[in-house]
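Pasting the structures in now, so scroll down.
Two complexes come next, and they have one chain in common, chain A, joined by chain B in the first and chain C in the second.
And then the complex of A and B:
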C-alpha cells in the first residue's frame, strides 16, 4: 500500500513538473515583456489621460489631451512631415538600395568589398558628425553645395536649411545617404541567394537583363523586399535623429517629425500627459501601418 | 533543484524582496536627505554645463578670501550636463526621490521650463532674502523671478556691445561713433553694395537662435517678450520696428544671415573679413571671437550699440546662466552661504571675472578701479569696462514667462520669413502670437 502511494505521489510530482517546466522556460520572456513593454504601454496610456509636469500627482483629465492634439496645427505639421519622409524612404531609398545591390552583385566587379565598405560607412558614422558635415555642405552662405552650384551654373543662393521646402529635401537627402547603403547589404545578401540556374534558364529562353530583373530577380527577392520595406516603414515613421540634428525641426516647425513633437512636448515643455497622448497616437499609426504593410507585402505568408 | 510552482513562486518572491531591499538600501544611502548641516565640512554637489563654472566653484571652495570665516569648509563635486538636461534631470531625480545636487546651473533660456507647474517653487530655495538688500543694484534677477521671488542668481550680466574690426572699419571708412542703427544701416548697405562685407549678422538657424537675436534687439529698443507678471507683451510697435529694421538690414546685405553665431559659417565669415562687426554679449568675445579668430587679436574693438532713432538704450543682454540652491536638503544652508559668498560679494564677483570673464552683476562694481583698470589684449588693450559700465547702467530689464519655450517655436518661423522679406514684420509677429495663444491659452 505504502509503495503504491509513494509511486503515485512521485508520478504526480513528475507529471506536475512536466506540466510546469515549459512555462518556467518561457517565463523570462513574458516577465520581461510584461515589465518592459506591457506595463510602460499601460502606464503611457494612463499618462495620456492626465496632465502632469513631472512633479506632484498627475491630474486625470480624460481625453482632453487627445482633443487638443487633433486641434494642434504643430501635430498636423509633424504628421505631414513624417508622412513625407516615410513615402520618400519607400519610394526612393528602397529602389535605390536595390539598384546599388544589383550593381554590386554584377559578375566580375572588382573592389566589391571596398564598395560595400563605402556604402555601409554612413551607418556606422556618428550622427553628430553627419549633421555637422551636412551643415557645412548645405549652409546657405558658406556651404560647399552652393559654392559648387555657383561655380558650375552661376547661381548658388539657395537657403537649403532655412527654407521650409529645401530643408525637408535636405533631411530626406540625409536619410537617403545614411540608409541606402545599409539596405543595400540586405538586398545584396538576397541577390546572392538567388540560384544562378534561374538566370541561366531565363537567358536560354531569350530573356534580356531587364526581363531577367523583373521576372527572376524581383520575384525571388520578394521576402527580402517585404522585410526591408516593413522595417523601413516602421523606422521612418519614428524618424528623429536626422531632422533633430540637422535642423532642430526648423525653420519654424517645417521639418519636425512626430517623434520630435513628442520629445519637445515631454522633455522640453514638461507636458508629459500631452506627449504620452501623441505617443499613443503614433503607436497606433505605426502599428496599423506595420500590420497593413505586413499584409500587403505578405510577410510570413506561406508560399 | 526540483522546479515546481511553489519553488517558482518562492524564487520570484525572493527576487522581489531582494529588489525592494536594494531600493530601500539605495534610498537610505542618499546623502542629500536629513537634518540640515549647520557647520563642518560641506561636500557640495554641483550640476552645470559650463566647465568655466566648474573650475570657478572648485577653486572658490578653497579660496580663503571667499569662504574664510564661514561655518562650513567646502569642497565641490561637479557633474557636467547639457543645459536642457540639468532641468530634466532635476525633475526626474526629484520624482524618483533620488539624490539631487545642492547647486544647479540653470541656463537662462532653459529656466522658463521651471516656471510652469510650480517646478521652481518645489525644487529651489527662495533667494529673495539674499537679493533684496541690493535692490535694483543687483542686475538680472528678473529672468529668474516668479511671483516676486528670485530662484537663481545670475553668473554673468551678458551685456551686449558691438564688437567691430577697427582695421576694416578704417579701411572701409565706417565711423566708429555712429549714433543710431538707422545711420549705421545706411552705411552698411553701401559697404555691402561696394564690397559685399556686412556690419552685422542675424541668425536664420534654429528657432532659439532666431528668437534670441531678435530679442536682443527688441530689449535694446525698449520692448520685451513678457512683463513682470509673465504676460506676453510681444505685439508692440517696438517689436515691429525692430523686425522691420532687421529685415531691411538683411535685404540690403548690411546684415549677414548665418545659421549659428558660433558655427563654422560664422567662423568663415569672421576669418574672411566678410563680417566686420557684430552685436553680441560680452561672453561672445571669448566663445565666438577668440575661439574662431585668435589670429585677429588686437584688431577687434568694442563699443556700445548704436541707439534706435525712436528710443531705447545703448545696451542689451542675451544669454546667461544662474545658479539655484536646491531646497530642503542637508547642505541647503551651506550651499546658500557658499553661493552668497561667491555671487553677492565684491571679492566673489572679481574672482568670477578673472576666472572666466564673467561680468559683475552688482552694478556699482563697474565704476571701481579694480574693474575700470582692466585692459583687454584681444581688444587692442582697450579699457573694456569703460564700455561695459555704460552698458550695465542702461541694461534693459528682461522678463521671462513659462510659455517662452512655446513662444520660441511659434515665432521663430514667422520671424525668419519676415527677415527673408516673405511677409511683413507685423504680420509675422501676429501670426506667431496667434499660434502661441492657441497653445498657451491661459497666459
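And then the complex of A and C:
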C-alpha cells in the first residue's frame, strides 16, 4: 500500500521527464538526418537546376540538366543496367537464398553452423577482394573459369569481362555470390521460427512437401520476405562497388549503374549540377519504389 | 517448446526425418555450394603467395610454385599499408561505439515510450532507409566541404552514427527483451530516464549490441564509395581506398592488391568468426518478428 503513494509522488516528477525523454533519445537521429540527409536532398534539388563545376557560383539553367539527362544514352544504359541488377536480385538471389535456407533447415542436419558460416563469409569481405577474385577467375585469357571450361568441354574462349552481355552476367553472378548467404541467414531464422505443429497438421491432412512449402512455409515467412525484399531492392538499386571494381562500368558503359553514373558525372567530370539532377531522378524512383513496398508489405510496423 | 521435444511423439517425429538418397543429395548440394563459396577465397589466398607472373599463369596452378612472400614484403615496403590499416580501424571502432550508443538509445525511445508524433517520426526514420547514398553524394560532399567539416576523421564518422537500420533493429530487440515492469520498478526507485537506459536497459541489450557492433564495424571497415569521394589526402587513406588506388592505377598491381586484401580480410574474418552467433541471431531478430 505504501508503495502506491510512493509511485504517485515520484511518478509525477518522472512523468514530466517521461514525456520529453523519448524525444531526447531519438533526437540524435533526427539531427543527423536533417543536417546530412534532408538538407543535402534539398540542396540537390536546387543544384540540379544549375550548372556548376565547384568553383564560383552555380549558374541557374532551369530544367536543362533534366532535358539533357533524358537524351543521354549513358544515363539510359545505367538505368537499364540498374533495373536489370535489381530484378535479378529479387527474382534470382532471393529465391535462391530461400532454397538454401530450406535445405539448411532440414531436420537433424549436421554441420549446419559450418555451412551457414561459409555461405555468409562473402558479406564480411571487402568488395575489393571479391572484385579482384572475380577478375582473376573470369579473365578472358588467363582466367580460372575459362581453364576449367577448356578442360571439361574443350572450349574456353569466352571474353567474360570484355563482352558487354557476359560482363553484365558476371556482375550479377558476383551479386549472387556476395549476397545469397546473407539473405539465407534471414530466411533460416524465419524458417526456424515457424511452429513445427503447422507442418505436422498439414502433413496429417495429406499435404506433400511441395504443397506444404507453398501453403505453410511461404505465408509464415511473409514478414521476413518483405523485410529482405525491401532491403535488397534499395541496396541493389544503389549498386556501385560490384561494377565499379570489377569492370569500371565497362566494356564501354555496358555495366555502368546509376550510382556510378552519378559518381562519374560529379567527381570525375565535375558536372555537379548534372550529377545532382541524376541524383534527383534516382531519388524519385528508388524512394517511391521503396516507400511503396514498405507500406505494401507493412514492413517495420509495430504489431 | 523445450518440454515438447522431450515427449515420445517428438522423439518419434525426429526419427522420421528424411533418409537415404534424399539425405545424400542434400549433403552433396550443401558441400558443393560450400566449395563454390570456398574455392574463390582459397584461390585468392593461393594467388597472394604467387610471383607476379605466376598469378596469371596459364593453365592456372592451384598451389603456388614457388611459394613467395614477396608480394607481402613489397606491399609493406612500398605502401603505407599499416597506416591505412590504422586509419580504417580507428574510423571503424569510433563509428561502432557511436552507432551502438545512438541506435540503442533511439531504439529504446521508440520501443518503450508513448509520445505524440511517435508513429510519424518512426515512419520518417524508417523511410530514410530508402534513400540511396548516391542521391545525396554530390550535395553532401559540397555541404561537408563548404562547412569545413571535410576532415576525414569527422566526415567518415559523424554523418553515419545513427543509421536507421540500426535503430530499427534495436527497437525490435528492445521490445522483446525488456519487460515494462522492469522500467516501472526503476522509476519507483527514482531513477532518471537516462539512468534507466544506461544502467538497466543497455546491459540487457548486450546480444543485439554485439550484432549491431559487428555489423557496423564490418560495413565501416569495408566502406568504399563515401571515402572515395571525401578523402583526398593519401595520408588519410583507409585500406579500401589505398587498395583501390593501387588497383585503379595503370597496370593494375594485382600482386600487391591481392596481398593487401588478404591482410585486410584477416581482422574482418576474425571479428566475424568470434562474434558470429551474436551477429546472426541479433540481425535476424528484428526482421523475423515484426
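In this section, the second predicted complex is superposed on the first by the 263 of 303 C-alpha atoms of A that agree within 3 Å, B and C clash if a C-alpha of one lies under 4 Å from a C-alpha of the other, contacts with A are read in each partner's own complex, and residues count from 1 in each chain.
One rule holds for everything that comes next: a residue touches a chain if its C-beta (ideal position, glycine included) is under 8 Å from a C-beta of that chain, and two chains touch if they have at least 3 such contacts.
The structure presented is a predicted model; accordingly, all values stated were derived computationally and were not measured.
In the overlay built on the shared chain, the residue A:190 is in contact with chain C alone; chain B does not reach it.
Looking at the shared chain after the overlay, A:21 reaches both chain B and chain C.
In the superposition on chain A, contact is made by A:267 with both chain B and chain C. Of the two partner chains, chain B and chain C are each touched by A:136. In the superposed model, A:162 makes contact with chain B only, not with chain C. Once the two complexes are overlaid on the shared chain, A:294 sits against chain C while remaining clear of chain B. Put simply, more of the residues of chain A are touched by C, taking chain B and chain C as the two choices. Touch criterion not met for A:210: it reaches neither chain B nor chain C.
In the superposition on chain A, A:33 makes contact with chain C only, not with chain B. In the superposition on chain A, chain A positions 17, 21, 24, 54, 132, 136, 139, 141-143, 267 are in contact with chain B in one complex as well as with chain C in the other. Chain B contributes residues 2-5, 8, 84, 88, 91-92, 94-95, 113, 116-119, 122-123, 204-208, 210, 256-260, 263-265, 268-269, 405-406, 409, 412-414, 416-417, 420, 435, 438-439 to its touches with chain A in the complex. Of all residues in chain C, those touching chain A in their complex are 13-14, 17-18, 26, 29-30, 33-34, 36-38, 40-41, 43-44, 47, 55-60, 102, 105-106, 108-110, 113, 115, 118, 121-122, 124-143, 158-159, 161-162, 164, 167-168, 175, 187-188, 190, 192-194, 197, 218, 221-222, 224-225, 228-229, 239-240, 243-244, 247, 254, 257-258, 261-262, 264-265, 268-269, 271-273, 276, 280-281, 283-290. The touching residues of chain A, counted against chain C in their complex, run 3, 6-7, 10-11, 14, 17-19, 21-26, 28-30, 32-33, 35-37, 39-41, 43-44, 47, 54, 100, 103-104, 106-109, 111, 114-130, 132-134, 136-137, 139, 141-144, 147, 150-151, 177, 181, 185-186, 188-190, 193, 196, 200, 223-224, 227-228, 230-231, 234, 237-238, 240-241, 244-245, 258-259, 262-263, 266-267, 272, 275-276, 279-280, 282-283, 286-287, 289-291, 294, 299-303. Partner chain B is touched in their complex by these residues of chain A: 13, 16-17, 20-21, 24, 27, 53-56, 72-74, 132, 135-136, 139-143, 159, 161-162, 164, 247-254, 264, 267-270.
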